[in-house]
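Before anything else, here is the set of structures, which you'll find just below.
Note that chain A is present in both complexes that follow, paired respectively with chain B and with chain C.
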Partner chain A sequence: MDRPDTPHTDEPLVAETQIERRSALAIWISRLEGPQTMGRGPVFWATAALVVLAAILYPLFSDPFAVGNSAYFMVWTFMAMGLGVVWGYTGALSFGQTAFFGLAGYAYGVLTINFGAAYGFTWIALMISVALGGLFAMLIGYFMFYGRIKGVFVGIVTLSVTLVLETFMAQTAGPQWRIGEARLNGFNGMSGMPPLTIPWPGGDVLLYPGVGLYYVLLAMVVLCYLGLRMLLNAPFGNVLVAIRENPERAEMLGYDTRAYQMLSFALGGALAGLSGALYTAWGQYITPSSMGLTAAALPIVWVAVGGRRDITATLLGTLAVLFAFQLLTVYGSQYALIVMGALLLFTVLLTPEGLIATAMRWLGRLVGRAKR
Partner chain B sequence: MEFFAAAFAMAYQFGDAFAFLVISCAGLAIIFGMMGIINLAHGEFIMCGAYVTASTARMGLPLPLAILCGALVAGIVGMLVERIVIRHLYQRPLDSIIATWGISLIATQGVLIVLGSTMQGIGTPLGSIEVGDRSYSAYRLVLMAAAVALLIGLYFLFYHTRFGVIARATIQRPQMAQALGVDTRRVYGLTFGLGAALAGLAGGLYAPTMTMVPTMGATFIVESFVTVVVGGADIFVGAAPAAVILAAIRASLTAWYGQLFGQIGLLIAVIVVIRVMPGGLSAWIKGTRQ
Partner chain C sequence: MTEILSVSKLNKKFGGVTVANDIDFTLHAGTMHCLIGPNGAGKSTFFRLILGEHAPDSGTILFRGADITRLRSFERIRRGISVKFQVPGIFKALSVRQNLDVAFQHHLHGHNLSSTVKRVVEFTNLEAEVETPAGALSHGQQQWLEIGMAVGVEPTLLLLDEPTAGMSPDETRKTGEMLHDLNQRGITILAVEHDMAFVEQIATQVTVLHFGRIFAEGTIAEIIDHPGVQDIYLGGSDE
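Coming up: the complex of A and B.
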């Protein structure tokens, strides 16, 4: 865990501030690679750049519907990466990421319906919704981790939270359930909120599902992925992994495991909130069933099948599962769920690390052998 | 007389909720409470029991026998599932959640494809009784009696039979039991099968009162988890008192604020109980007794 690029606090800080600031940036950039994330070296980064380039060029060779559909896949990746941090890295299986997803989704709707989309307010609404998701997760996390709840009970508490929210929102059908202008509409869900809007001289740009939204989401996914890589290879990420491996040992080493778990959970909640707010903005629509039992289990499937202990595997796995699932639904929706269930069983029994993670490890070994 | 009628209505509500919680959670209490496996396919075992009960009953078998058939089939299916999947996951409890959820998906959707979106049910037997100016289903009173009988039966099974002693020993100290010559893998398999059979029994008992759809298991699963979590590891000092408390919460909230708040109250009760007494009621009761 002690690496040459980690700044030691007991070293005399004699360097000039100018140099110090540059070196801090260099440290963060060097954390793009590290022990907690798979993939390093020029081969990996060249492949990653090629993938991003392909993603950038993709709308040129495709119809707008398919592009909007791909944007829909990317909406979910934030929640999956958040769950990857909470479950894969910190070791707390949260069954209720959808609670934060739904909360932020509804918050985005309520805010934008009440205040409109002028002057780029949709982005402020997005940020407020994400912050709400994160704060709510921090509250639940405080309650759980400072109460020393662990293991499967974390899953049960979080599942209860999301089911409470679902049940509550489902009964808000009457006209008395409104926040300002926004009717909550019970089980039918809320609709009619504006999509994300970029203020532009000579007419705002409305990001309906299509090429514009696709690029915005692609940029966000890439930034979020790189940011998480840096965070997970930073001391913070190392402590999270230490907690996952052995909570008692981490605590004996002097780390306040409760605070780290809570912060990790809040981060997961904020990312789930980002997915929720983006989902509402994508389809201008949100219903209580987005917090139900089936919805709550879906992120777990993506992360488990992809590989929970590596953020790259989580991201790729989520996209792959979403894509495969939609393909299956198109060719026979009845069998899609059966294949899904079989895929889960297969993953758990044969590749406990996750399909994508196992494949990546195998590829890495192949590349390593080819180099020698 | 009016007072008596109101009191009966309240007691009926309470008893109904109590019976539902006890019957639906018994199987889960064994699989989760004792074995530590979170079985998300619990609802599908219930569905299996209900379907078998309904089809055998319509083929002319008397209802009690049909219910036993349902329990038996669910038990056999449970033992198969344990042999094929669960056996590999005793060391990885979090993975067992995912695996059982996969099973649940396959089962629900498979039944939907093979048997269609709904199946002809069987009517509620025994008619109704009149108290005051309202009428109540007599079958629900039978269910309340069945819940009590189930608890007594399980108590005898676990505390007064050889299987019970061996099962409890295996689950508490697997290595020790193995050293004493117990085939622990078989015991685990049988215990899981028993849990599944109890789920099937729940399905069979409730089959006459419900519409038969492949997703019917979902109606049970939240309540059963709530009861088991509040109760803790022991069925008798845990799940049974938990069912009493939760039934009281649910019956009163439902009576005053409606069904949805009854549900919300249950879920909030779980969160509070996990926070205040992590081991559930049974750990708390045993802790104060010593």
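Coming up: the complex of A and C.
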């Protein structure tokens, strides 16, 4: 170490308190970029704006069926981004996000079947369902993290929870299994609930799969993505990443690591719940198999293949994999599942960071070089 | 002098092995206190008991007069205890700046955070490495980073487990200056150290731990002259 000694001054190491001049809004907006998310600067944001613009124009050049189908892909991205937060950022591999998906999906059905769709109630039902997903995740998270369950056991516990829920819902075929007007219907699942409905003078707008729902979901995806970017670059996100890297050290810096893990898990659960409620609203049905083993494994494939440690990679990867999956199901869904498994294996072995994340890093370097 | 830390009748067993044996220990505010003892004496375990990572079988720990024996680790830290572990406990995948941000952000925000990070970076000689992943730093720099993470929160008590392990003589000397500087700023320091020359350089008070028991205590001169201490270090550990 041949560096000159720093002249140590008597200046205190901790800066004296100064009044923060920026407004809270300015601070949050500045967090759209930061250490926990890839992509910064004009090139990145211009590209992002172009992608959104293309997504806005897409329905003009496509048929309603394809548009409704794209809406279907977007339904799943919330669960994927939530898993990204829980697994990629906080380091807890949950195998059971579908538990919160299913709970919220059924909750949306039960609520709207009982209380109808008038006065925009479907949106309230959606919010209640999301809150239920988040609260249930918080409860499971409480028992796991305060019970010092770690590593692979988080996966085992969460998988058990979702499989128990699936099994439970599958045996609710009898007429006694009803909540108010809503029959749970066992293995066949629940159907007949209204889609999301926008109250409108002269007739409510029903958001069946199609252009309207597509735009609503697109706006939600963009807002959720930007919101997560800000949250992950905020002190909260920094602590999540610190816990992933070294939980003991994070605790020894004065952070209540279990509370952070629980909150991260609750956020993941709420986002899975959002996907669940939207799924039910999209197709007006939900079945126990949405909480089964295959359903539980798929989010892990999307997130791992795209890249779990970056929210942009997670989002793009999920959309790409869902699209590929649907192309493949033309040849049979068993076949598509096998390809998904192979894709997961391929990613884990060759680009453990995820295909999209690796590609983005690569692109970032190219752009950086071109600028110099 | 005020007592900043007082430990009484602290006991801890791992299986059949007693690693803390009726430890009574007092630390006075403003001192630079060294804890020495042969390998396996229980020095790191003593730290982990103070930090709440292990629960003692019996005994109490008072910090600034308050009983912290049952508090969780993060609560003890928030009361003003900071630590540098024996094995560098940094976030290897994160940059130096991110490490410091995470360390300070629950006390400091915005401008105060960034200027404190800047000062600590200067203090620890890491100006050129601010954006480097911490795992890519030299061993000595990693130790400094961790010391920086520990001091930026303005602790009352700083626990350092072997701050100079694996450092070159030059780095060791600089670390000594750093600790002296921190002590001058009013931070009470308790350091585990093997390097006796370093202990002589920094310590005002020394405690010798042997088989989980306090074996001797006194000024550095008293400890060096203590015949039993020489036996422990030279004659192996057959007590």
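The rule is simple: the second predicted complex is superposed on the first by the 345 of 372 C-alpha atoms of A that agree within 3 Å, B and C clash if a C-alpha of one lies under 4 Å from a C-alpha of the other, contacts with A are read in each partner's own complex, and residues count from 1 in each chain.
The rule we apply is simple: a contact is a pair of C-beta atoms (placed from the backbone, for glycine too) under 8 Å apart; a residue touches a chain by one contact, two chains touch by 3 or more.
In this text the structure is predicted, and so the values were computed from the model without any measurement.
Shared-chain residue A:Leu253: touches chain C; no touch with chain B. Of the two partner chains placed by the overlay, only chain C lies in contact with A:Ile27; chain B stays clear of it. Once chain A of one complex is fitted onto chain A of the other, the partner contacts of A:Pro175 are absent, as it touches neither chain B nor chain C. Once the two complexes are laid over each other on the shared chain, residue contacts for A:Leu93 go to chain B alone; chain C is not touched. Legend: residue contacts after superposition of the two complexes on their common chain; A:Ala242 is shown touching chain C, with no touch to chain B.
In the superposition on chain A, no contact is made by A:Pro42 with either chain B or chain C.
The residues of chain A shared by its contacts with chain B and with chain C come to none at all. Against chain A, the residues of chain C that register as touching in their complex are 51, 53, 72-74, 77-78, 83, 85, 89-95, 97-98, 101-112, 115-116, 119-120, 122-123, 125, 138, 140, 149, 151-154, 168, 170-171, 174, 177, 181, 185.
Chain A contributes residues 1, 3, 5-6, 8, 11-18, 20-22, 27, 35, 235, 238-239, 241-242, 245-246, 248-257 to its touches with chain C in the complex.
Against chain B, the residues of chain A that register as touching in their complex are 93, 143-144, 147-149, 151-153, 155-157, 159-161, 163-164, 167-168, 170-171, 293, 297, 300-301, 304, 334-335, 337-338, 340-345, 347-349, 352.
Touching chain A in their complex are the following residues of chain B: 36, 38, 85, 88-89, 92-95, 97-99, 101-106, 108-110, 112-113, 218, 221-222, 225-226, 229, 258, 260, 263-264, 267-268, 270-271, 274-275, 278.
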